[in-house]
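What follows is subunit A paired twice: with subunit B in the first complex and subunit C in the second.
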Partner chain A sequence: MADSLAYFLMSWTDLSLLTLTAVGTFAGIYIGAIPGLSVTMAVSILISFTFAWDVNDALALMVGVFCGGVYGGSRTAILLNIPGAPSAVATSFDGYPLAQQGEAGQAIGLSTVMSVIGGLLGVLVLASTAPVLSEFALQFAPRDYFLIAVLGLLLVGSLAAESLSRGIFAASLGAVIGLVGMDPVTAEGRFTMGSMQLLGGIHYVVVMIGLFGVAEAFFQLHQLNVKPVRQNVEKIIPSLNLVLKFLPLSIRTSIIGVIVGALPGTGGDIASLFAYDHAKRSVKNPSKPFGKGAYEGLVAPESANNAAVGGAFVPMLTLGMPGDAVTAVMIGALVIHGLNPGPMLMVTTPHIFWFVVGALVLANIFLLIFGLMGIKLFAKVVELPKAILIPLILVLCVVGSYSLNNSMTEVYWMLGFGIAGYFLKIFGFQMGPIILGVILGPLMDNSYRQAMASVGDSLPAFLTELITNPLSIVLTIAIVLLLLSNFPLKRMIRGSKNAS
Partner chain B sequence: MSKHTKLQPGERVFNILLLLFSLGVLYEAYRISGPGFESISSPGAFPVGLGLILIASMIVIIAGQFRKPKPDTKGALDEARQFLQLHFPLPIVVFSAMAIGYLLLLEPLGFVIATLLFLFVSMVYLRHGRFVSSAIIAAVAIAIIYALFKLLFQVYLP
Partner chain C sequence: MMKNILATLVVSTGTLALAASAFADYPERNIEGIIQWGAGGATDNVARSLTPHVEEALGTSIVLTNRPGGTGVIGMNTVLTKPANGYTVLYGAENPQLYPIMGLADFTYDDMTPINVIGQGLVVIAAPADKEWANFGDLLDEAQANPGTLRMGGTGAGGLPSTVLAMINSVDELDVRNVTFGGDGPGITAMLGGHIDFMPLSLAAAQEHIASGRLKGLAILTKESIEELPDVPPITESLPQIESYLPWGPFWAVAVREDTPNDIVKTLSDAYEQGVANEQFQQFLSENGAQSLNLQGEEAEQFLNRWQSVTAWALEKAGSAKVSPEEVGIPKP
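Now for the complex of A and B:
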């Protein structure tokens, strides 16, 4: 116990570790905020020049970048309607309307405090229930992963689009884009149309930059002469009353975030959408209607996506299974440092576990400090005239997509997706479901095939499992309910009554 | 985006194009591992499912068109004209052309010069003149981007 506490406090008492965590968190906020620079990319680059470092130094920096980055994505989601990361997609639903009403400061302040509350709750759960939760996740079959992904896509489809059919179309389109390239099992080309270049697939970051960066920039050209809303960033620190008012919602959505984050493969992106949906369904009288600047719509995803960070570390540190893309990269980092992430990590090197927990708490404290400072400067970005901002966004998009592979091919793809996204946006198709489809498509394909193979390619056996396995039953019922709740049953019944 | 109560100019054409695209996806999916597939866990199975979902949702969307009033246009030509007017005003067309030009010049001119040129020209166009301030902003922006990405993040620039 005393040993654990000593390891927990290590990053707090060692000046260089303290500094590295602080620098990581600060850099993470800006990396997460700059569209095209992802936390995954940053952590991957960090590995390349920290593998000679001491493992604690490297972990402190990466934990900071991770925490800061998940939060940072929300800033551009609020200020520019460009989520800096997939986990900030839900934040833009209400964050951007708030900025349009001149309340960017309050929105950022509230999202900072809620992120920290969510983040700390996530770490608390990581520290206390890691073994229990990971055992629960161990029971998940590929079939259940498939169902979770379907549920996630249906959720985002019903949330973001004008109608469920548009949402489903967008999500499936994304999944098709995600599947382009070589099949990981048989090495056959899929949707490559015979092109060698497409065999390597389309990087999801390119799609994201195109749809969220370029399409948005083109859309903003319509409002060239609209005077930018003067953002009220004087009042950044939210009042205690406001925080207390939303605390119950924040705690509820943090719990959602931790659980979703702990499921392998699902991270802050799905957690925040689940949380947004929860808020939309459970809050009867929001401060403003959802989608038009409801504080509740900001509190829920921001608490959840930071709570998911703690959750994502649970399977990584106890099972050696990544909770999301960033922890997948971090597993690589641990291996480079000669550690063995997995069930034995807790037994042979418990200090790593407690060190990470301590660094995560510290990073959240720095997040509160940096998050509430320096917003004035950051908010100036939105006060920049569109005529200056739009060319700059395009340049950042070019740099971001080029740096993925150091090739112009990605840049042209990015522009192509930008133009396609512009057309889709015109006719009411939303970008959120597409990008989630891109990320979840390969995961669904993989878990679907594993599930099918495990029952000997027998559809009846697969369907039987759906209604006999307790976990699958819950997930199947959730999917059916979600579909039914969007189906115009009431209208149909009313229509038939009127007709008779 | 707000709910459109009325069909937009060009919406019907766009939906038909998306339906054709969906049919193309189904065809491409069906061709994976030879026409058809041996088992329901073969590489083409999930893609075929996606193709079917795309087509089904597009049919629902197209069926929904009949419930909405048509756009106030006189004939196909007028609808096309209104569509272009609404969604492709001059600034968007000119800026798109500049963006494509920028991408084409990136490799021959190098990142710094091409970006400087693009930022300057596009800002002068979008801000209707203001040569001096546009030049200063472009120069400062490129300096910051270069320092941030090249020196701090060590990202390769075109």
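Now for the complex of A and C:
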């Protein structure tokens, strides 16, 4: 116990570790804020960079970048309607409307505090129940991942603001985009039209930058002459009352975040969309309508995606299995530093676990400090003349997509999606459902085929498993309830009465 | 007019100077290292552990970039489209040797100049610890008693598990359900949860789980048992006919474009030889269940050809090759 505490406090008491965590968090915020500069990429670069360092130094820096980066994605989502990372997509739904109403400062302030609350709750779960939670996560069979993907696709009802049919179209389009590339089972090209470049698929961040960044920049050209909204930069730090008011929602969505984050194969991007949907369903009287600047719509995804960070470390530290793309890279880093990430990690090197927990808590504290610093300056970004802002956005989009793979192919794709997204926007399509499809399409495809292969490609056997396995039953019931709640049953009954 | 001539002169002298210096002191700038698999995987780990030692020998930086996708086709294609000047090197795994017979691409390592075949990974057939099988023979018996019911974790056509399955099927019969995962990691996760019954894995990925007692090794793909896992029997104990394919395993190699000048190939080969021989890197390989090979030049080419012919014909014999090795000119072993 005393040992654990010593390892926990290691990054707090050692000046160089403290500085590295701080630097990592600060850098992470800005890496996360730029669409296309991803945390995964930053951590991969750090592996080579920190090769000769002590493993604790390297971990402190990476943990900082991870925490800062997941939070940073919300910055540009709120200010420019361009999520810096897929996990901040849901943040833009209500964050950007707030910025347009002159409340960018308050929105960033609130999202910072909620991110930190979510982040700390995630670490708390990691520290207290990691072994139990990872055993629970192992119980998820391929069919359960399939059910989660189906459940996720049903969120389209929440994300498609006005027209459900347009939302379904957009999600299907997204799913097709997500399926481009080599078929994981047969190694045949799918929708690749013979192009070798397409065998690797279309990077979903490219789709996101195009649809949100470029399309948004083009769309704002319509409002060149509209005077930017003056930003109110008073009281940017949310009052205790406000925080307490949203605390229950924040806790609920953090739990969603940490569980989805702990499942290998799903991460903060899916968690934040689930959380947004949960907020929309459970909050009866939001501060403003959802999609028009509801604080609740900001609180939910921001708590969830930061809680997912703690969740992602659960399978990594207990089993040596990645919880998401970033922890996959961090496992590589541990291997290179001569550690053996696996189920024995906590037995042979218990200090790694407590060191990471300590560094995560520390990074969240730095997140609060750095996040609340400079908001006034940032909020002014929205007040920039469009003639300066729009070219700036486009430059960021090009840099971001080029740096994904250091290749122009991604830039062309990004521009293509930008133009397509512009026209889709004009015809009233939402961008959220497309991203939903891109993320969930491949998950649904893989898990369905895994589940079917497991039962010898027998549909009756597959369906029987859905209603005989306890975990699958729960998920199946959730899907049925969600479907029923979308049908206006009461109105239908009343309608039939009136008719008779 | 005078201006034009002057300009031409300046440009051509400049070009000459550049050309001369390119031969004189390679490398004079950073080298780009393209890794054909994603960050955090086995190939990535090998590349990132090896590169600092090579940089030391070479006296320049090697900037590593992951270009994953299409079983490594994308990364290899990227290197093939860059100039053959030694400033772009490929960090690859064994997959390119099977591209033609899987119908993925018409290039292999034959279309490149190997700089170094770094090492070869060992393969272990693993199962959840609560299975009753003591060795691979027991698994084979159960599979033959109930054909098509056991669930094997795979990583798709051309992946390591399918290749091992094909090798087994070319000498015996193992009819299983092949459940495809995105890699060793997701496959092991599914196995820990009891969602699949067994999976052929690289030793690097499996050994920690076997050591912890959650998975057990049924057989190791060697002729003799190995130091790291003394309790796991060699596969030849249960399946002696497979011996002709052994030793077999995934490998990692560094290669450049075929028409790269000889002295540049020589400089790179020497630097990588030193890098692989580095004590720290050797320790990394042995800790990760891999055997060091450190092959250059002709030896490297021989290794690559033998691996290709053994594997491709095993796949053909088991009916898993999409294009016959004969058609693409791969000789029989």
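Here, the second predicted complex is superposed on the first by the 478 of 500 C-alpha atoms of A that agree within 3 Å, B and C clash if a C-alpha of one lies under 4 Å from a C-alpha of the other, contacts with A are read in each partner's own complex, and residues count from 1 in each chain.
Throughout what follows, a residue touches a chain if its C-beta (ideal position, glycine included) is under 8 Å from a C-beta of that chain, and two chains touch if they have at least 3 such contacts.
Small disclaimer: the values here were computed from a predicted structure and weren't measured.
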Open item on the list: Just checking: does A:185 make contact with subunit B only, subunit C only, both, or neither of them? Give me first, second, both or neither.
Closed with: both
Open item on the list: With both complexes overlaid on chain A, does A:292 touch subunit B (first), subunit C (second), both or neither?
Closed with: neither
Task: Touching partner for A:408 - first (subunit B), second (subunit C), both, neither - done: first
- [ ] Name the contact category of A:336: first (subunit B only), second (subunit C only), both, or neither.
- [x] second
Open item on the list: For A:163 in the superposed arrangement: first (subunit B), second (subunit C), both or neither?
Closed with: first
Open item on the list: A:449 in the overlay: touching subunit B, subunit C, both, or neither? Say first, second, both or neither.
Closed with: both
TODO: Check whether A:221 is in contact with subunit B, with subunit C, with both or with neither, and answer first, second, both or neither.
DONE: first
TODO: Would you sort A:398 into first (subunit B), second (subunit C), both or neither based on which partner it touches?
DONE: first
Open item on the list: Touch test for A:245: subunit B only (first), subunit C only (second), both, or neither?
Closed with: neither
Task: subunit B and subunit C contact sites that coincide on subunit A, given as residue numbers - done: 183, 185-186, 188, 406, 449, 453
Open item on the list: Help me check something: in the complex, which residues belonging to subunit B touch subunit A?
Closed with: 1, 3-4, 8, 10-11, 14-15, 18, 25, 28-29, 32-33, 39-41, 43-47, 50-51, 53-54, 57-58, 60-61, 64, 87, 89, 91-92, 95-96, 99-100, 102-103, 106-107, 115, 118-119, 122-123, 126-127, 137, 141, 145, 149, 153-158
Task: subunit A residues within the subunit C interface of the complex - done: 40, 43-44, 47-48, 51-52, 138-142, 181-188, 196-197, 199-201, 264-265, 315, 319-322, 328-333, 335-336, 338, 340-345, 347, 405-407, 446, 449-450, 453-454, 456
- [ ] Name, in rising order, each residue of subunit A that touches subunit B in their complex.
- [x] 37, 42, 45, 49, 162-163, 165-166, 168-169, 172-173, 175-176, 179, 183, 185-186, 188-191, 193, 218, 221-222, 224, 385-388, 390-392, 394-396, 398-399, 402-403, 406, 408, 411-412, 415, 419, 423, 425-428, 430, 441, 444-445, 448-449, 452-453, 457, 459
Task: Parts of subunit C lying in touch with subunit A, wherever the complex brings them together - done: 38-41, 44-45, 48-49, 51-52, 64-71, 73-74, 77-78, 102-105, 148-149, 151, 156-158, 177-182, 185-186, 188-190, 192-193, 195-196, 208-209, 211-212, 214, 283-284, 287-288
